[in-house]
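Two complexes follow with chain A in common, the first pairing it with chain B and the second with chain C.
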Partner chain A sequence: MNGIYLLKRLITSFAAFCIAVTIMFALLRLMPGDYITMYLEAIYRYAPPDVVEAFNRVYGLDRPILEQYVIYLLDAFRGNWGYSFIYKVPVIAVIGEKLVWTLIILFPATILATLAGIGIGAYSGWRRGSKADVGLLNGMIFIRAIPSYWLALMILIIFAYYLNLFPLGGYVDTSALATGIDPLDVANHAVLPILTLFLFSVTGTYYLMRNTMLMTAGEDYITTARAKGLDELTILRKHALKNAMLPMVTLITFECAGMITGSIFVETIFSWPGLGMLTYKALAARDLPLLQGILLIDTLFVIAANIAADLIYPLVDPRVQVGDDA
Partner chain B sequence: MHKKIVLAASLGIVFAYCAVALLAPVIAPYDPHAITGAPLSPPDRDHLLGTNDLAQDIFSGLIWGTRATLLLGFVGAAIAVTVGTAAGIVSGYYGGLIDEAVMRLLDVAMTIPIFPLLLILTTFFRPGIYLIAVLMGLLGSFQGVRLIRSQVLSLAVADFVVGTRALGAGDGYIMARHILPGVLPLAGVKFVTSAQHFMLIGIGLGFLGITDPSVVDWGQMINRASQNGAMILGLWWWLIPPGLAVTLISLALAWLGYACEDEINPRLRVMRV
Partner chain C sequence: MTGDALLEIRGLKVGFPTPEGLVRASDTVDLEIYPRETLGLIGETGSGKTVLGMAILRLLQPNTIIEGEIRYRGRDLLSLPEAEMQRVRGREIGIVLQNSGTSLNPVYTVGTQIAEAVILHQGLSGPDARQRAVELLDAVGIPDPVRMAGEYPHRFSGGMRERALIATALACRPNLLIADEPTKGLDAVTKRGIVDLFSEIDRDHSVLFITHDIETAGDLATRVAVMYAGEIVEIGGAEEVLGDPAHPYTRGLLASLPERGMQPIPGSAPSLITLPSGCRFSPRCGCAVENCSREHPGLVEVGSGHYARCMLYD
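Coming up: the complex of A and B.
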């Protein structure tokens, strides 16, 4: 069962990547005007017709469309994602450099949000109807309703501008020019972006965990456990929590895509030099190859997160057989 | 009791926004694109929320922006829910190969992050506000398919459906008259939560500079204010109102959606316990 499931997941991931590439191929063909002319003008500022023709030949743009598609697809798998209009270097190089910075804020935020969401959600669902539960629930609904860009701006204004606790933006202090990059300084700059992404993401985990908990709390095995005389904490930990874990796998898919969206706004507002701010710059400059590369890397990111979740959950809970339809 | 107040308040806010959107030309004192005095002037009697760097009246922009927000949210949600419900019913009712095909297609589609794809499509086609709403709706319909389908799966084998079929009713009739009413409450909740989601996304697009230049939208206003030093200069009346306006409608829809969900799914009912 597990083997078949994994195979299914791999095929799905492969298909998703191919479709993302196909959409781009189609968009490039639909674009008004000649791509090579636009390309050369963007990079070298001029495009003589004979050079355009030569480029068309070298890149195989004079061949049948089906052959072009196959070449494009193979190149996408090889990491040849074209040249960025604004940076004038291969897209994959730009993305590789920025990806690290995004991961620096995305990883801690996701892990903290998942842990906190599970913990608070379980508590809230277990103590259903209590004052603490209603308070937490309403608080979470409130946080979830605030747009992420607005939340980021407010956090920036309060913590950086008025309270002056953290820097206003960027990733290092200007003194780094003389002394080199200090990891502590980077961490100090990363606190507010991480906090915003955390708040943005924790509500989803909380909400799901609480709902699952409400469903679980009425099950017979919980009543049995209580009848056995187990204390509440043991029931929660050993019986309720474990059974509530499976839906989390599904949630991680949504959250990852959501976090990418969130990071676009958060990075833009905090001037954090990651993929999100790159997206903003690429949008402003209408740098299509770069935008496409970002979509590809985002797709790969979601695929990786899905596979990771599939692999991690059986470790956390041996009873969980990912892929069983139960 | 507490729940009823929240429900009434959120409904009231949604209706108030609709009224403002409809009456925008009457309420707004100026054309939101017009130059109406000195740039960056603080709030006074002529300009309730002052003017921006282009000397446009911020209050008028705020009022007119209601239209774009509601339009993006409700048109997007209507499309997403219609497509999602239709696909979910067909997939769940017929089952078998059709269901398998739809589910595998969804698996693939949901792996591609929607927002970056939306960014590329909107940058590429530079669509007007209606097309942006349609694009959002289509890309955002995937989640709903699964939700509706899981409900339909149990409805499709229910006695009253089997009985109706035994009486000779066709598939189309059963789906429209017996399955659809069963999933309508769920689709209703999905409509409310989707509308909230699409409003946030739509204004987010505006914030990133992807807008229909002929409409005023709050995302654009927030972006303009934050990029032009409203924060550093302490011009709160420029930066705060559009954000508060989004947050308020988003909050009202979130609470509305939550109250509805609570109503149709008694196992989640807690506030009364």
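Coming up: the complex of A and C.
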């Protein structure tokens, strides 16, 4: 049963992937401007038509759009994602390198935000209406209400400029040119981006966790647990948390998929050389192969997260049996 | 009644503050439960039966206003510190909650949930507690208890969940078992099975059997208390109360039974926020006289150990 289910799931996922790729391809080509014209105009204030034509011929951009689409689709499945216009190297290589940097800030931020969101949200929901709950809820609403780019800028100004505790941007000190990259130096540069990403992400997890905990706290089986003589902490930990975690599975898997996407403006504001900043650069330069590659990776991870959530559910909730039609 | 009461409720008032006003779910209730007896607590939905059961174990929501005394073996449960109350719950007094369908945690096996109480109160090791859980499931009539102990609640039928909850409540051999509508929502055959279980199970504990089902109360109870609008309106031996009811409300309840003509009591139960003046049943009572809506009657002894709250006996 599970094998057939998995097969069905893979087929529908494949269909979703094809549709996403098609939409991406079409949307990117609807963008005004093209790489070579913008590049030449930026440097020479003038784009000689024969140079533009020669460039388009080399990259196959002069062929009919449908032919380009078919070639792209076939190559994408063969693992040939093309060459970046900006970097002149295979798209996969560029993404691979930047992905590492993105993960350096997003992995700790996501893990911390998920754990903190679950912990604080569970406590807040369990102690509904208490001073702690009201305080936490209002604090979270406050953070959520601040425009995130402004929050990032304020963090930068306060901690890096006025307090001078952390560097203003980048990922290593210039001394790295002489001594090589020092992990501690990288960590020091990563603190503020991680803090910013943490604050963006923690409120969402907190809200969902608080809400599911509110519902769980009123369940009859919680009263049963209390009637057995269990103390409040045990009831919260053993009986409430596990049930309240069920809706979190989906959120957590998508947070993980989101890690790969990077965060465009956090990386841009902190000059962090990750996927987010890469996306921004590729967009600004109209680097179509690179943009396609980035979006392709995002699509793959979201689809994978979806399948993962489906497979994790039955492990957490005994009532869910994946693939059972009954 | 002979001997000292196991549980003694004195002047119990339970109120829920709501935006519309205070809901007086229980008003000056006096009640004793004696060792080994089964006290049937009957009344319509909303009469305060469940609230009374939950109040004994302090399981009501934190903002509930509770006054009076609930003395269990001489100790007032209402003034006990929370940590000590936790040692009473499950160990001294067990409760089978209403809604058996949702009272078991869906993510743990039934065996685990029963064993939890045994580990907590009797200090048994994991495997020993599992063994005890299997024995308990067997005792409440669950077929193939070894296998069923390892199953999750959604694999249990309604009747089996009820049995599993009874096993949980009895796991630590409490002195008092509170059973809140254990036959609610069950079909006739399953219901019969649960009632038989209550009458057959080996025990030296007392039972407070809360039900709106008069027949079940008659089958099981040695004494019966009738609640109306948060008050006890009649209490006494089961045979006296159900065989020769003194209060017009009890008579009305009995007359509404299918085999006795299915005569419903006219009107509906009053709101617990704005209670009628005088006797709370007077607006619906066929025997009401002018005085009934003015004076609030007290419990009057109408026979040996048989009391009724009615002007007829004043």
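Note that in this section the second predicted complex is superposed on the first by the 229 of 326 C-alpha atoms of A that agree within 3 Å, B and C clash if a C-alpha of one lies under 4 Å from a C-alpha of the other, contacts with A are read in each partner's own complex, and residues count from 1 in each chain.
Note that in this section contacts are C-beta pairs under 8 Å (C-beta built on N, C-alpha and C of every residue); 3 or more make two chains touch, one makes a residue touch a chain.
Since we're looking at a predicted model, the values are computed, not measured.
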Go through the superposed model and pick first if A:D220 touches only chain B, second if only chain C, both, or neither. second
Is A:A132 touching the first partner chain B, the second partner chain C, both, or neither of them? neither
Could you tell me if A:A26 is touching chain B, chain C, both of them or neither one (first, second, both, neither)? neither
Would you check which partner chain A:I157 touches, where first means chain B only, second means chain C only, and both and neither mean what they say? first
Quick one: is A:I141 in contact with chain B, with chain C, with both, or with neither? Answer first, second, both or neither. first
Once the structures are superposed on A, label A:V100 by its partner contacts, choosing first (chain B), second (chain C), both or neither. neither
More chain A residues in contact - chain B or chain C: B
Examine A:D231 and indicate which partner it touches, taking first as chain B and second as chain C; both and neither are also allowed. second
Given the touch rule stated above, what does A:K242 touch, chain B (first), chain C (second), both, or neither? second
Using the superposition on chain A as set up above, list the residues of chain A that contact both chain B and chain C. none
Considering the complex alone, what residue numbers of chain A touch chain B? 12-13, 15-16, 19-20, 23-24, 27, 30-31, 128-129, 133-134, 137, 141-142, 144-150, 153-154, 156-157, 161, 211, 214-215, 218, 253-254, 256-257, 260-261, 264-265, 268-269, 279-280, 283-284, 286, 288, 291-292, 294-295, 298-299, 301-303, 306
Within their complex, state which residues of chain C touch chain A. 57, 59, 83, 86-91, 94-95, 97-99, 102-108, 113, 116-117, 120-121, 152, 154, 165, 168-169
Looking at the complex, which residues from chain B come into contact with chain A? 104, 107-117, 119-121, 123-124, 143, 196, 200, 203-204, 207-210, 219, 222, 226, 231-232, 239, 243, 246-247, 250-251, 253-255, 258, 267-268, 270-273
Touching chain C in the complex: which residues of chain A? 219-221, 223-231, 239, 242-243, 316-319
